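Given below, in the form of structure tokens, are the structures.
Shared between the two complexes below is chain A, which has chain B as its partner in the first and chain C in the second.
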Partner chain A sequence: MDWTHFFMSWIDPQLLMLVALGTFAGIYVGAIPGLSVTMAVSILISFTFSWEMFDALSLMIGIYMGGVYGGSRTAILLNIPGAPSAIATALDGYPLAKKGLAGEAIGLSTTMSALGGLVGIVVLGIGAPAVSEFALRFQPRDYLLLAILGILLVGSLSGESLVKGIFAGALGLTIGCVGLDPLTAQERFTFGQIELWGGISFIAVMIGLFGVSEALMQLQHVDTAAVKQVIRRIVPEWRSVVKYLPLSLQSSAIGVIIGALPGTGGDIAALMAYDQAKRVTKNPETPFGEGAKEGLIAPEAANNAAVGGAFVPMLTLGIPGDAVTAIIIGAMFIHGLNPGPMLMIERPEMFWFILGALVLATFFMLVFGLTGIRLFVKIVELPRAVLFPLILLLSIVGAFAVNNSIIDVYFMLGFGVLGYFMKMYGYQVGPVILGVILSRLIDDNWRRAIISEQESLPRLFHGIFTSPLSAVLMIAVILVFVSNTPLWAWGKRRLSRGRS
Partner chain B sequence: MKIKLFGAVAALLVAAAPVMAEYPEKDIQGVIQWGAGGSTDTVMRAVTPHAEPMLGAKVVMQNMTGGVGAIATKFVGAQEADGYTLLMGAENPQLYKVMGLGDSDYADFTPINVIARGVPLIVANNDAPFNTFKEMVEYVQAHPNEVKFGSTGPGGLPSVVTAMLTSEVELPVTFVPYDGDGPALTALQGGAIDVMPAVLGAAIEGVKAGRMKVIALVDSAENPALPGIAPITVDYPGYEKFLPWGPFFGIFVKNGTPDEAVSKLVGAYAEAVKNPDFVALIEGRGFSMLNLSGDEARAFLDKWQSVTSWLVYDAGIAKASPEEFGIPRP
Partner chain C sequence: MHDPARRLPGEGVFSLLLTGISLFLFYQATQISGFEALSAPGSFPLFSTGCMVITSALVALRTLRLPHSEEHGWQAILPGFVIFMTVLMLFYALALKPVGFLPTSFVFLLIATKVMMRTSIARAALIAALSLILVYVVFRLVFSVLMPEGIVPERELISAMRRLLSGGAE
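This part shows the complex of A and B:
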């Protein structure tokens, strides 16, 4: 019986311990900026080389699930997203911590991460073949439309001034272009420096713009006392879980689909879910960007749902859904498996084992996530004169760890100073990060799409409007665009006046 | 006097100690040119644990990606030639000079082991209106620029294979660039491109599952992983002069590394590559085992560079002539 492997990791004490250990380690790897799950899992490949395959996979799956969640910790407490998928979490999570509600924010993000993780696993378990066939149907033009949809998020990330938001987004797109053009190996914005061939490390930009700039901002108030954290409850009330259930399910659905697409991952999923939450939440208790719980729930549910999503094309077709599943594929090769379309037919027990281990990792994530919060929250209560040098140190170590490169540290510090001045003059840093994340997606897929149509724009539009998938995405792009313009507000006013 | 002499001898011994200590006396660093999870990464992480016991040291591997491998190559080239930094790479540096990506190639490095070679093949989407190489050529010529070929940028395997093909037949197709053969083969299955020249190992699972079809095996002999598929040279003997050809994986140290260290590394990796688990991995992924070192490896590298440089130059995708760098025409 193949499905009995679902429970294999639950019953076998050694596997159980390894999943638990992996999840625990993953939370910390995820929480430390610069240490990524991708890095941890690739180191594990050589480390677990001589192990049994199930042991190695248990550890990797635990790290993956825990790591995606762990990124939210530092995002909430210090405004440094531990991983790219926690960028959207910082937008409303950190304001909550500044209000003294860090404990509640962590509790809520943990619960919703677990919920999102489970939704992803259920979709993987039930609909994997269908979802992966759907994901394969995405053509370059569909990725392009998706990326344009993503770049329109600038509208909801730019704060008070849309113009400043667009400027910041464009800056991000430009930063993302630096380096050897991945499609033609042409140098772009490298000024003859070989160090720039690989581009500017996205993690360095992220740590600088979020962490260092915040530390510099706070130095202005270095002598004010830290906000006292009130810890009323950590496990969210049942009532509020039910209240936010529709939103978290919706966000999870976004997470699974974006996660299952081979070209996109949890970072984009979380940002899109954040935007969607902002759109559907009519009257948030607190405005978005100032500590709205909806703005915390949506990205957290989405990024953990993306984990299940990333396994969908991997287990059904041998196509990685993101960087981590790409490495797990490599690990499976080393252990004598051939991940590909035949895996489900030849070794169905692998599918059930991974499913079971994912559920177990989600459970451990909930347990480890909800314990020790009181201790964690103490971090933000440290005197500022102690806390901010620590943040700076953490940022430097994190930026160095990405590629063991001192250049990344310089970039990180440079972007920290840039972020400081941006914040001083009312520019949000969110759109810059958004631009960097989406720059490759837009750039590559625009060229692929137009080259595929023999460089003819009419043919490209013909293609978009004759494919149902592209047409739906195009309509979504138009709707989101119009809803960000004054025309929309005007139309809405007219409509409501007409009714009354 | 005696004491003085003794002291001098002792001092000499201490001074000589670093030279006499046996290599390796500390961990060795392995720099992988390509990203985690890719085929170079998988091969290096699979073979190295078998070499460690024979070396008597740990090899700590690290991925240093970017610039089609140039960043890792430059990094290792800048380290001391002491045998403690290994370059774990693929074929790409052999084209840097003609592609204008730098002035370094494997001539600046001593091969420890050229491990294996990939076998190129041409696969197509199942719905493509042709089943053999001959039919494809006819269809492409009848419908110029309509067939979409996946590519991975100038100098990548698809560009070289296409250059090889167009040296004999005319192929007016549209090239759609992808980051690597993985994403391009995904796009092939979704119908975004029609044809992809790829390495056998990357496509084999998809072919076995019937998700894509083989149009041609670009090799001079049949392959055990694809029984019944005739090599391209049967119908087009003109390709024989380029074949066998394929991307390869190898481990290198900087020129000038002490012989003692080189021979220790060569010995350890030559044994490691023969490990049955590793052989099974290499063959399962459709690579041909080479296990070359010393002069054999150098001859292989030189021939590869000569064939490939002139192919890309004649196809018009190179930035500089191989002649400028003294690379002879094959």
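This part shows the complex of A and C:
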């Protein structure tokens, strides 16, 4: 009875505690500007790799769900989004706080985040088995195209330029190639060093790019004083919840769809939902940007709904929905699991367990979100000069702990410094990690696809354009690529000029 | 801070460096299995490094044509704290294994807190000690993460403490 695993985290006291602890920690990690869920999960993976899979997943799922929500708090209170998914929340959340409605704004955002989270989980529960069954029909060339689409999407949507996004993705793919070739055991980028035969630890890469580089970026604002806040009642009125329910459901639907696209996450979902709310709300009580509750509810429902959405491609295709699910895939690899359509057939209990833990994390998010506000304010006021040395220390210890290898620490530091400069000069680090995770999948499927076509590129392309699924994926890849070129922008300008 | 229409200090050098590294990696990829077959072990690395070469060259060409940013100097790109913490982390990593987790971490936290908080050495030591206790309890005792012992006989100390707590009943 695999579905009984749905309740596993609910009835096992240890798992229950871990989900609660993870959600609680996630809210604070998400809320403290400069700390991100990706950073926390990447550091955490190095400490939990020796745990039981269910224990490690419970903690990570809690942190993920709590962290996506936690970013809204500082967005509302300080106008500083604690996480990228809360950027849109600040647009109307902070004006509400300035009007003395911080408590009400937090209450509404918490309730709608929980609702959005539940919508995402329901879609995951219904959609994942169907997608997984459909994915069994995928040819190696389809996986190849899907993975390329994921990297292109994250490269184009999350950064200032697609070229930089592709560079970052290709860098990740190259890093993923380091070591012995899995099929022929030929050395690739090892430079004769035996230590590199096993490849570069992707945990070291993750901690470097997400933990160290972000902490170094935040050191620029080490002297920024913490802002003190006073908040009163935060439990929202039932009337308000009912009034905004349709908008919340609509935004959740946007969140799930965007979250389920490979490579896109809560940040893009929230911005799109905000934009949609602006279009569909004809007469808001307060104009958008000046404290419209619709502008707060839409992004909050969408970013948490995107969590469930992001798990769909991860569990069914082995392709991460966003950076956090990329790290969770890494954790599953470490525990000997291989996310993809076969996971749902061979280990269905994992799917049910994840679903149950997500529901539990959403419940804890609601409970912790509506309580403990005084403690929250105290923790957010923690000086950065205390916080960031601690994060850097944990990063070093985390990188060391995986293999007890100092080489991993040097790699982590190197990638930390590289990530710092990449961020400074407008490159996104998300595609790098996606590239590292997807490198093996792309390499394997490329070779399978080309061998099955007898090493002939024309035959491969013929196969792509004669299969409806492959053709759709190929067209999507081409569209994402072309829509980011100057030619496309020129065409759009011409078109709008012609219309006017 | 990054403005795509302006070149920040060091941005040109960084983009050229990435192009150089990409070219080097591309050359290395050609050495894996040459161009013998599309399914050869070197074909995918050739593709990924080829993408790196093309995109990094495009970025470098675009960056070098941009006007310099007037707003930001080197101080904005590499503030003193960033250089200081990077060097401190390097020393920490070097000392971690031979000296051990506890003394190295304490010194690391002490120096970092003292410099960044601009506080007294006693206060910095107190904060460093409290932070270290928190990390030690959570990660070493609860998560059972193995840390390098170095010069501190950690295992003996833990077992002595356990004996003490159990009233020496063994």
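Assume the second predicted complex is superposed on the first by the 267 of 500 C-alpha atoms of A that agree within 3 Å, B and C clash if a C-alpha of one lies under 4 Å from a C-alpha of the other, contacts with A are read in each partner's own complex, and residues count from 1 in each chain.
Quick note on the criterion: a contact is a pair of C-beta atoms (placed from the backbone, for glycine too) under 8 Å apart; a residue touches a chain by one contact, two chains touch by 3 or more.
Values in this document were obtained by computation on a predicted structure and should not be read as measured data.
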item	value
Partner with the higher number of touched chain A residues, chain C or chain B	C
A:V163 touches, of chain B and chain C: first, second, both or neither?	second
Touched partner set for A:Y410, first chain B, second chain C, both or neither	second
Chain B versus chain C as contact partner of A:G127, first or second or both or neither	neither
Which superposed partner A:T184 touches (first chain B, second chain C, both, neither)	both
Touched partner set for A:I194, first chain B, second chain C, both or neither	first
Partner chain(s) touched by A:I45 [first = chain B, second = chain C, both, neither]	first
Touched partner set for A:I451, first chain B, second chain C, both or neither	both
Partner chain in contact with A:P348 - chain B first, chain C second, else both or neither	neither
Residues on chain A lying within both footprints (that of chain B and that of chain C)	50, 183-184, 404, 447, 451
In the complex with chain B, residue positions of chain A that touch it	38-39, 41-42, 45-46, 49-50, 136-140, 179-180, 182-185, 194, 197-199, 262-263, 313, 317-320, 323, 326-330, 333-334, 336, 338-342, 403-404, 444, 447-448, 451-452, 454
Complex contacts: residues of chain B adjacent to chain A	35-38, 41-42, 45-46, 48-49, 61-68, 70-71, 74, 99, 101-102, 145, 148, 153-155, 174-179, 182-183, 186-187, 189-193, 204-206, 208-209, 211, 277, 280-281, 284-285
Residues of chain A touching chain C in the complex	47-48, 50, 160-161, 163-164, 166-167, 169-171, 173-174, 177, 181, 183-184, 186-189, 191, 212, 215-216, 219-220, 222, 383-386, 388-390, 392-394, 396-397, 400-401, 404, 406, 409-410, 413, 416-417, 420-421, 424-426, 435, 439, 442-443, 446-447, 450-451, 455, 457
Touching residues on chain C, where the partner in the complex is chain A	1-2, 4, 8, 10-11, 14-15, 18, 25, 28-29, 32-33, 37-39, 41-45, 47-49, 51-52, 55-56, 58-59, 62, 76-77, 79, 81-82, 85-86, 89-90, 92-93, 96-97, 101, 105, 108-109, 112-113, 116-117, 127, 131, 135, 139, 143-148
